[in-house]
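Here come two complexes built around subunit A, the first alongside subunit B, the second alongside subunit C.
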Partner chain A sequence: MTLNDFYSILPAVILIFSALVLLLADLWLSKHTKVVTPMLAVLGLIASIAASILFTGNVENGFGGFILVDGFSRFLVPLFAVTGIFAIGMAYDYLTRMGIQRGEYYSLLLFSVSGMMLMASAGDLVIIFLSLELLSIPLYILSGFAAPKAHSEESALKYFLLGTFASGFFLFGAAFLFGAAATTNLNGIVEAVTSGSANSTFLIIGSGLLLAGFSFKVAAVPFHGWTPDVYHGAPAPVSAFMSVGAKAAGFAVLIRVFSLIFPSLAEQYTPIFWGLAALTMLVGNVVAIAQINLKRMLAYSSIAHAGYILMAFVPFGDAAIRANSVASALFYLAGYALGSLGAWAVVIGMEKEDNQGTEINDLAGLGKRSPLMAAAMTVFMLSFTGIPLTLGFWGKFYLFRTAIEGGFISLAVIGLLTSLVSAFYYLRVVVKMYFQEGDSKFHWNFWTAAVAVFSALVIVVLSFIPGSLFDLAVKALLTGS
Partner chain B sequence: MSLNPLLLTIAFPLAGVVVMLLLKAKWKNAIRWTALLTSLVTFGLSLWMLSQFNSASPDLQFEINQAWFSLGGNPIGFHIGVDGISILMVLLTTFLTPLAILSTWKAVDEKVKSFMAFFLLLEVGMLGVFLSLDMVLFYIFWEFTLIPMYFLIGLWGGERRVYAAVKFFLYTMAGSVLMLAGILWIGLQYGSFNLTQLVGSGMIPAAAQLWLFGAFGLAFAIKVPMFPLHSWLPDAHTEAPTAGSVILAGVLLKMGAYGFLRFNLPLFPDASIQFAPWMAGLAVVGIIYGALVAYRQKDVKKLVAYSSISHLGFVVLGIFALNLQGLQGAILQMVNHGLSTGALFLVVGMLYERRHTRLLENFGGLWKVVPVMGTLALITMLSSVGLPGLNGFVGEFTILLGAFGSEAIGSPWFAGVATLGVILAAVYLFHMFQKLFLGPVIHEENQKLKDVSVREILILAPILLLAFWIGLYPKPFFMLMAPAVEKLTTIIQSAALLAQ
Partner chain C sequence: MIPIAYPLSLAAILFIIGIIGFLLRKNAIVIFMCLELMFNAANLVFITFSNYYQLIDGQVFVVFVMTVAAAEVAVGLALMVAIFRTKHSIDIDQMNSLKG
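For the complex of A and B:
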């Protein structure tokens, strides 16, 4: 193992190391010093961000192509770490209130984040599978963290069953790809495809199974059924973390694998992605209208946003647009991540014992009682809708631009019209908070509120200077593409 | 760089918002004065802009083109400028805003701070719409105006305010999403969002113009609103607080008409010529329909709202006459409608503050009780009817003249039927005036109404003075817009010649 190999996985290694330290340290902490565990976890995440910025600059790959370090992973690794920090920030008070303050939460979270980081830089199907499990298994446990509460157990079981299905699909697909190309290395598969030595039937079956597996992870229709139940039942900070981290990791690997194999299969897959994107946008947004529970609404909204991101991926077969396609998906992901984490932070402040207090009706009067939180929530809703002066607007702007650039005007129009549909249910939240009287209360906690306010500020401030984030996203090119 | 009047005008209300945020919410009067002074200074700045403006030039002036950032090779710029058309809209905005703020002095007593902040933000948004020369910047300002207006209706509106606010938001957004698709397509196809590069370049082929005209036109037609896309307007106007209705009718609707002038006509001249009879047809239907429905209203505010649909029909008819007279009349009528309908809403608001009802049947005979208000209301109404000597007449007359001779519309019948609208306007507005002010005092409560206060006279007097000015001596207004309008007609004529 060379030093470069080590650097290539350093961010994930730091997290795994801190997770192990946390497990040990937690045993020695008394009830009154519980706050030390999350602080150590945050330190680990910050160190991980620092490592990814400081040490991966000159590294291109590690372990002979098992790990790829490129602009793509350099964009996503810090994003995952920040998601982890936010998920800790909003969890501490929540876990205490719900009586489930246990140190394992933080170590499991760190394990999961390290899995996401490896997933974003995986260059081999085996590594993808290992990181998929590394990110998923802690999440299964975290979903059931409020056990023996029935809703949490239900959530964990559903997520586990469907998650293993997804893993199964992936493995099966990977086996076919290995059969087709006689290698599990992504670049090796590409070479086999371009040289024509790969068995094309196996290739198509394998990539199709892979797509099904990834679609579960990103919650694309028709593989989305688990999302509302799992998000609703799991402890809210875990749902927040899943809705951003797991989705982003799913997209990371989807984009990486298909961007490499896609060019040769564009003819077959473009219509499939087109349909997947259109269906996901339509179903996610239309079903969200009928939701009366905030968590379920956010779940369907997260499905809808997966559809928008998929839209960026449709013109991928076109080499001229590929850079914009990746960049717009990543840019959108960043904006979505901030909005989703912030919105979940508000939900966490609203939630009472036994999963109560999260109906949309429970928001009535929030504008009067907690003006700051209501204002932040308004920013998230407007950003999700894509109204200007939020990051969400630029995200959609760039996505639709990519779709139109690729000649998929009708898909862009579907996206625009479903945005209009989404305005209806996002506005309902604003209506409840400001235009109706009620006695809703935000359970004030500095860190939970800080997550919401910080996200809202970033969403608004960056919308005035989106150029720097655009540049970052544009640099996020994949190696080999 | 010397001081740019546009930048100052657009940024000054923001400074007011910042000052206001520092004030405590309970210092209501301090907040009101801050808002009023801010809007007055903004008006002053726009007058300074006018004094520096070279009205003989058809070009855009005081242009700022500051690179903002670029996306996939498309630069997006903070690009603003003003010409003879937009300067009138800017002046209308800055003129009506302080008056609208003054009208809320007593009417808005709850959450004054947020109200005034939203109001000034709305002003920024509207000014931005009229000054933007970059399509993306325009879209940002266009969508941004939704947010403050949504809250103004939703928080300070009448009984059905939530319904009205959401309907307003969704209708407007429905139009603008397709406009965004159009903007993106143009940007990708021609590599620029810069309006000055695209206008008159003849780059956009006639076939593409057709659907682009539709994509942009839908957004503007909803905003104007044109029949049959008008149904958000009566709700929004009726439920909005008085000041909101004044700005909604006075300025926001003009954004739609202005959009036609700034985008559809110069960017898609071929499509404009082709669609002109259809647009004129819808405009005429709107004129007659709005007038007929207005006559049957029991709620004064709804009546005025439907009269807006009718009056805006004239504006659209003038625009799609596509000749000098029609366009000049339409632009002047945009100003006129802002003044007259704004004033009508103010009068209705004054009545509502006194009686807390807007139903015609609850009034009657007010002339004897409140003679000064009656006089002011009469002049306002006459200006809206289009009595010669007042502003409405000049605008409508010029529009009809343009529409009669319009080659693009192709038939004098459109203007002929529209003329009926002038008569109908007299019918429903006189009917309204009669129900409110004439006859005996039926209701006991109306006996003790107070006549207008000095503040209320101060609100209405400037509007009515302007109404007389435009009515008696409209030449300076026509002079101001003439070069820019001539430039616009040249673009359309050259497109028509090429097509033949």
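For the complex of A and C:
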């Protein structure tokens, strides 16, 4: 192992190391000093961001192509770490109030973030599989973190069974990709595909199963069934973390694998992605209307947003547009991450100790009682809807533009119409907060509120300068290395 | 040498049995066994191709899969024990407290 190899995985190594330290440190901390654990965890995450910026500058890959360090992973690794910091910020008060303040939360979270980081820089099917499990297994435990509450345990079991089911699909697909190309290295597979030595039947079976496996992870229809139940039953900070981190990691692999091997399979996969994207947008948005619980509404909204991101995959066959479509997917992912984390932070503040208080009706009167939180929530809802000049609008604008450039006008129209549908349930939240009387209470905690306000501020600022974030995303393009 | 189609067909059959079992069975432990069947079907494919191409890569992958499967068993069974304590059943038809 050379120093370069070590640098290529340094951000993840730091996280795993701090997670282990946390497990030990937590044993010696007394009840009154428990606040040290989340602080150490945040320190670890910050160190990991610093490492990804400072030490990966001239590293291109590590471990002989097992780890790829390119603009793509440099864009996503800090995004995952920030997601982790937010998930800790909103969790501390929530865990205390729910009586589940246990130190394992933070170390499991760090393990999961390290899995996501490795996933974004995976250059080999083995690493994709291992990081997928490193990401998922802690999440299974975290979903059941409120045990012995029945709904949390149930959510954990559902997530566990369906997540493992998805891993099974991925694994079977990976085996056939290995069979097609006689290598598990992604670049090796690409070489085999471009030189024509790959067995095309095995290639199609393999990539199809791979797609099915990751459609589970990103919650694309028809593989979305677990999402509402799991997000509803799991502790809210865990749902927030899952809805952003696990989804982004799933998309990272989909983008990496399909943008590499897609060109030769465009004919077969364009219609499949078209159908997946259209179905996900339609089902996600339409079913979200019927939800009366905020958590379930956010779950369906996360399904719908996965549909918009899937739209970026449709024009992948066109080499001229591919670069822009990857960039717009990353841009949308970043905007969605901010909105989702912030909206969940508000839900966390609303949830009472008996897990009530998360119905949409419970938001009534929030505009008067907690004007700051209501304003933040309004920003998230408007951005989710894609009201012009918000961050969500720019995200959709870039996505629809690449779809139209690729000649998929009908898909862009579906996207536009479903956005209109989504306005109904997003704006209902805003109307509830400002125009109805109620006695809802936001459990004020500095860190929870800080997550919400900070996300809202970043969304507002980026709404005015979307170009700079988009440029960052363009820089993150796969250079085909 | 056995034609490659034989072990591949066997793996496909095992995989499909796993899927059908996953969808139809009600006991969480049996569902979990079906998942293991799916994993091992994938292992069989890896071994088959590994042997076919005379490459070690596939066999290495299988070792990783077995290790991870063991970790999943640990978490999965712990979850089921926790649920059995709360509900005195691990029948997934009774997992219906989450609705909306």
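FYI, the second predicted complex is superposed on the first by the 478 of 481 C-alpha atoms of A that agree within 3 Å, B and C clash if a C-alpha of one lies under 4 Å from a C-alpha of the other, contacts with A are read in each partner's own complex, and residues count from 1 in each chain.
Just so we're on the same page, contacts are C-beta pairs under 8 Å (C-beta built on N, C-alpha and C of every residue); 3 or more make two chains touch, one makes a residue touch a chain.
Keep in mind the model is a prediction, meaning the values are calculated, not measured.
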{"item": "Partner chain(s) touched by A:Phe424 [first = subunit B, second = subunit C, both, neither]", "value": "first"}
{"item": "Partner chain(s) touched by A:Gly233 [first = subunit B, second = subunit C, both, neither]", "value": "second"}
{"item": "Contacts of A:Ile409 with subunit B and subunit C, given as first, second, both or neither", "value": "first"}
{"item": "Partner chain in contact with A:Ala375 - subunit B first, subunit C second, else both or neither", "value": "neither"}
{"item": "Touching partner for A:Leu125 - first (subunit B), second (subunit C), both, neither", "value": "second"}
{"item": "Touch count on subunit A, higher of subunit B and subunit C", "value": "C"}
{"item": "First, second, both or neither for A:Ala156, with subunit B first and subunit C second", "value": "second"}
{"item": "First, second, both or neither for A:Leu171, with subunit B first and subunit C second", "value": "second"}
{"item": "Common interface residues of subunit A - those touching subunit B in one complex and subunit C in the other", "value": "none"}
{"item": "Of all residues in subunit A, those that touch subunit B in their complex", "value": "324, 327, 382, 387-389, 393, 397-398, 400-401, 404-405, 409, 412-413, 416-417, 419-420, 423-424, 427, 431, 434-436, 465-467, 470, 474"}
{"item": "Partner subunit C, residues of subunit A touching it in the complex", "value": "125-126, 129-130, 133, 137, 140-141, 144, 147-148, 150-151, 153-158, 160-161, 164-165, 167-169, 171-172, 174-176, 178-179, 182-184, 228-229, 232-233, 291-293, 296"}
{"item": "Subunit A partner contacts - residues on subunit B that touch it in the complex", "value": "68-72, 74, 136, 139-141, 143-144, 146-147, 150-151, 154-155, 161-162, 165-166, 169-170, 173-174, 177-178, 180-181, 184-185, 187-188"}
{"item": "Touching residues on subunit C, where the partner in the complex is subunit A", "value": "11, 15, 18, 22, 28, 31-32, 35, 38-39, 41-43, 45-46, 48-49, 52-53, 55, 57-58, 60-61, 64-65, 68, 71-72, 75-76, 79-80, 82-83, 85-87, 92, 95, 97-98, 100"}
